[in-house]
Amino acid sequence: MPAGVAIDPAKIAQQMRRRQLGYGRGPRMQFEPDSVEFLAGLRKGKTLGSPIAMAIKNKDASIDRLPVVTQPRPGHADLTGAIKYDHRDIRNVLERASARETAARVAVGAVCRQFLEPFGIDLASHVVGLGSVRAKPAAATIAQIRAKAEPTPLRCLDAAATKAMVQEIDACMKVGDTLGGVFEVVVEGVPLGLGSHVHYDRRLDAILGAAILSIHAVKGVEIGDGVLGATLPGSKVQDEIFYSKAAGFTRSSNRAGGFEGGMTNGTTVVVRGFMKPLSTLKKPLRSVEINTKKPVVGTVERTDVTTVPAAGVVGEAMLAFEISKAMLEKFGGDSLKEIQRNHRAYLKQAAAF
Amino acid sequence: MPAGVAIDPAKIAQQMRRRQLGYGRGPRMQFEPDSVEFLAGLRKGKTLGSPIAMAIKNKDASIDRLPVVTQPRPGHADLTGAIKYDHRDIRNVLERASARETAARVAVGAVCRQFLEPFGIDLASHVVGLGSVRAKPAAATIAQIRAKAEPTPLRCLDAAATKAMVQEIDACMKVGDTLGGVFEVVVEGVPLGLGSHVHYDRRLDAILGAAILSIHAVKGVEIGDGVLGATLPGSKVQDEIFYSKAAGFTRSSNRAGGFEGGMTNGTTVVVRGFMKPLSTLKKPLRSVEINTKKPVVGTVERTDVTTVPAAGVVGEAMLAFEISKAMLEKFGGDSLKEIQRNHRAYLKQAAAF
Amino acid sequence: MPAGVAIDPAKIAQQMRRRQLGYGRGPRMQFEPDSVEFLAGLRKGKTLGSPIAMAIKNKDASIDRLPVVTQPRPGHADLTGAIKYDHRDIRNVLERASARETAARVAVGAVCRQFLEPFGIDLASHVVGLGSVRAKPAAATIAQIRAKAEPTPLRCLDAAATKAMVQEIDACMKVGDTLGGVFEVVVEGVPLGLGSHVHYDRRLDAILGAAILSIHAVKGVEIGDGVLGATLPGSKVQDEIFYSKAAGFTRSSNRAGGFEGGMTNGTTVVVRGFMKPLSTLKKPLRSVEINTKKPVVGTVERTDVTTVPAAGVVGEAMLAFEISKAMLEKFGGDSLKEIQRNHRAYLKQAAAF
Amino acid sequence: MPAGVAIDPAKIAQQMRRRQLGYGRGPRMQFEPDSVEFLAGLRKGKTLGSPIAMAIKNKDASIDRLPVVTQPRPGHADLTGAIKYDHRDIRNVLERASARETAARVAVGAVCRQFLEPFGIDLASHVVGLGSVRAKPAAATIAQIRAKAEPTPLRCLDAAATKAMVQEIDACMKVGDTLGGVFEVVVEGVPLGLGSHVHYDRRLDAILGAAILSIHAVKGVEIGDGVLGATLPGSKVQDEIFYSKAAGFTRSSNRAGGFEGGMTNGTTVVVRGFMKPLSTLKKPLRSVEINTKKPVVGTVERTDVTTVPAAGVVGEAMLAFEISKAMLEKFGGDSLKEIQRNHRAYLKQAAAF
């Protein structure tokens, strides 16, 4: 993180809160606001250029005193993690593997957002699918998301769909089942030319895809209309190029989700994550006790029906982090002032192309 | 690449050929078999442990003599790459950005496959969707893919779907349109415990996802039933855990595509790529000449209708590469003998868990 | 860090204390024992395989309240850091650039030592030069260092030299000057074959050299008799190879400091760091106030005459860290048990060569 | 490598020739000029921004046909490499481990130099010690090195020392012995603020030190007066800071070799490498045949007495490479034009500090 970036703790707290919201969460989440403490890297409210360390304390008892776990939950890291790391107490795996870890990601993302802000880069997310319900497809601006989706129980733009989603959640809650869904992260203000076509591992769309896939329970990702586009003819999928003196080069549409050749093309970045339903059901799944090797059914540990809205917030954080890295790679620099100067001069160069 | 891996050039040539096949390719591809020359890293047919260098020569004229390009093609790296790298000749971007680059990936993957072979790790791919046609969903073994999909024109397991796909390709060819689709890569024999839950960037499913997304025109990826799973209740998505003396821990199904908590769980790895239709149509798209800024329509450069089967071959190569890296990280070692010894001992440890 | 490594806090505390000792330190150091708190990665005294986080709290006032600094000290990061990161308050540079940061390195190194211990890898350091005094050259074992150097005021094996060093320190203290020197780090039990000749950036001697050079005020490094060897004819510098059934391959001497071709050769690793005298003198150096651009003389901040013995302790920590990484790369594995098994099998293979 | 850098093959050829010169080389070197072929990354004489591939062909027979080697040479990678990589034919190690590999480094460095040239960054080297002879210590500018050292047989600035060095070489040649020495690499024009104090692995002096240590037979390195400085009192080692309107901040001297706090401080970078004598003597060293385990004496393979001047050329190449990386990290950018613009603006900012 470069020097000179103003960090407002209130903005971090706001993101931490957003991660804990969403219709379908159990009661636990609503009573534990996470607070972030800075251990290093800030002075008088600004970054120093040196590493930043933050801590989020758990309110639970010491991990040392928590009971031994020997029943691996299907769909979790439990069994595989225990065998890989040679643990006989699954507790040694599950605490770290827990989605609680995404609190740290959101904290890091909240710092990155404040780095991106002076460049006019902003991020938002909304839910576009929950269980069997899909919101009406429509390109969304951040302003629209903030105004219309953010205040709703599932952070969804489509009011009719929201109603159906809430009903599906309520129905699931009654039978002790869970729901997955699809969230969309939208990033505006990203300059043309982040990422690169020159090496497969520098394609920013692939990097962002991995960042989204790394979120707990996310098992699919698409850039723009990736899944739908695979079913259409080429004549219906492309974004044609136009030019006007006022706007420079523009595209007729944004089916590519802001990317061409692995590089941002200056339009809005759109990435969607497909999240499977939580693996912990009230009606538990069959498993095996690891010592006796006898069949068991999993213990019931949580009561969330769905966390798709929260996963969208984590998705924003992940993209904020990866886009920050791409900005630093593209513009170099050690102080915010220097990076902004390099950024401005590049935008001018691009506009004069 | 460790020392002592036997490299058979015929196996590399076979993979290079597979990349060039598939119904829907233009005539060009069928006349240019790519040949791979080893510049370093091999001696007497075995790897040395030192870096491997390979070259695939182009048959085209020298890149220096190819004509200047000033009309960026929508959906390609052309315009963005030219602005980012400050090129006024788009040729400087398009040659490197071309999917021709995947020949190098397949060559590398073909080497990696021969590293993986002694560990019993094998890869195959098949087409599960093309244009509007979807193959009947069914878990596929590599033996089945080799026997039933590989010899067919689109490397698809479902004969009825294949017929419909061929018809859709023929129809597109007539009107000069293109088609995308969905390929599935299947990896068998991957040991439990590659990747990790401990850091987001060590989750192997995310790494494999990025590798697939990095392939030209791939805009979506799913692990197991990622996209479908997002629409189902939790009770229909999980893979329960069982145990038998003979087989050890097993799962009732493989909806997770071989991953739990970012780690391979010992079952078959299944990853699908969603490929958009090729951006170069016979009926070209609108664009802008970069010097005059006047509207133009793109030039027609190629006549492939679809390359989804080839993309599957590239997908195999990418996964072979990334899984090789994960194997080296998990088992360490400098010679094949050493890695095999570590692998065997770990499998024994895992079986005794 | 793999799972299953027992971490004894007392061993960490012992290393932290060692960093604070040595004749020639000012009074401050003797009253502030650093204590290390584990924030993550341990449970019931063992590593989990997940990341380890440690914190060492400062006793000083909050960094926010410390006064503004505008006089850069020659020989420190002050002026360059302020310009690079665009700080007008040099405090923003000097706190992070302070050698106080090596407390964190020693803490990390103390964890790594406990990982290395089960492999029979041990590290020690001693002072071989201080100011104009040089200890009598002699190959030193860790047992000798522990017995004869560790308890002495300068951690030097040569009693006569120690006496002369203490006198030189006393003389410097009177006139307010400072002294540098040379420390040697010795590592025993390192298996043959860490590092590699195949790429310049995998040569472990170069990596260890960088680790030592990264320590504050260290401006030179040698592997074995590197500096002396450059002045001798080849016939006096090499280590000939012998073989006996009992000992396997052995060398006649260890002028190479345990390395051939960038790889450990199974003999003792010997690396020396050349430390310049501390830049902060009682008789301060000329500098420039950064706002007025007027000449000033530096402020007097500390009263250490020399910290070469402490730098040796930091050197041990750096080598423990880098050798741990090299061990993990060579032997792979996720649990201590697995790595030990791979290590044992490799030693057997090497012995049978 | 960014786009738009003009690459002159003649400048590469010149560096390749420089690596092959120097009094004390055997006759072989003088008849084999290495030529570099570009396989990728260039078009019409300029870099494209995509990866550069170069090949240097060996004139020797195919590596497959070269005879089996079973006698490891002391001081080489031979024995350790064979055991580590499990080779019974030492040929599999020694070809890659050969200092012949530095031809590739010099080729890469020659490309990097042409990237650095537009920024006014230039590099030169000279020999400051050979065997028991040391050149008179004196700060050297590149202009002086080019004028006075480059044309001499050992690329040494001190004519009297050169004479003594030549005599020592002649004497060694007669008895079949070899000689090491010390080379100094000087880099001018490096902007203030490359590298960083914030993390140990970003200190550029440590990175450059590792790059020098990675050269074959180099066993020691110093930044500025690192080795000498360790013996002096602090009052004689520092570089005081001054300011004048015309020159900005200046130092009274450059004992620190251009670095403070791991960052370049805007003065000349000075790094010295200590090279041990070549391990291959005419009067061969004792070793062991690896199959019979019987004592043997090494075979005589080459007749160079010393290659210290050539090692200096390799040292230039390594620093050119690492400083190029540091420039790209500091200034970002994808085209030479963009990086130059960022560089100019930063220099202006630094001058106005």
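We just call them A, B, C and D in the order they show up, numbering each chain from 1.
Here is the rule we go by: a residue touches a chain if its C-beta (ideal position, glycine included) is under 8 Å from a C-beta of that chain, and two chains touch if they have at least 3 such contacts.
What you see is a predicted model, and the numbers here were worked out from it, not measured in a lab.
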Where chain C and chain D overlap in contact partners, by chain label: A, B
Pair sharing more residue contacts (C-beta pairs) when B-D is set against A-B: A-B
Centroid comparison with chain C (C-alpha atoms), farthest chain: B
Rounded Å distance, chain B centre to chain C centre (Cα mean): 46
Chain B and chain D: spacing of chain centres that average the CA atoms, whole Å: 40
Cα-centroid distance, chain A relative to chain B, in whole angstrom: 25
Sites on chain A at which at least two other chains make contact: 49-50, 84, 86, 96, 193, 196, 198, 334, 337-338, 349
Chain B residues within the chain A interface of the complex: 72, 74-84, 86, 93, 96-97, 105, 129, 131-132, 172, 177-182, 192-193, 196-198, 200-201, 203, 205-207, 209-211, 213-215, 218-227, 229-235, 237-243, 249, 251-252, 256-257, 260-266, 274-279, 281, 283, 285-288, 290, 293, 295, 318, 349-350, 353
Of chain C, residues touching chain B in the complex: 49-51, 193, 196, 198-199, 328-334, 337-338, 341-342, 345-346, 349
Chain D-facing residues of chain B, complex: 2-4, 39, 43-44, 48-50, 53, 55, 63-64, 84-87, 91-92, 96, 334-335, 337-338
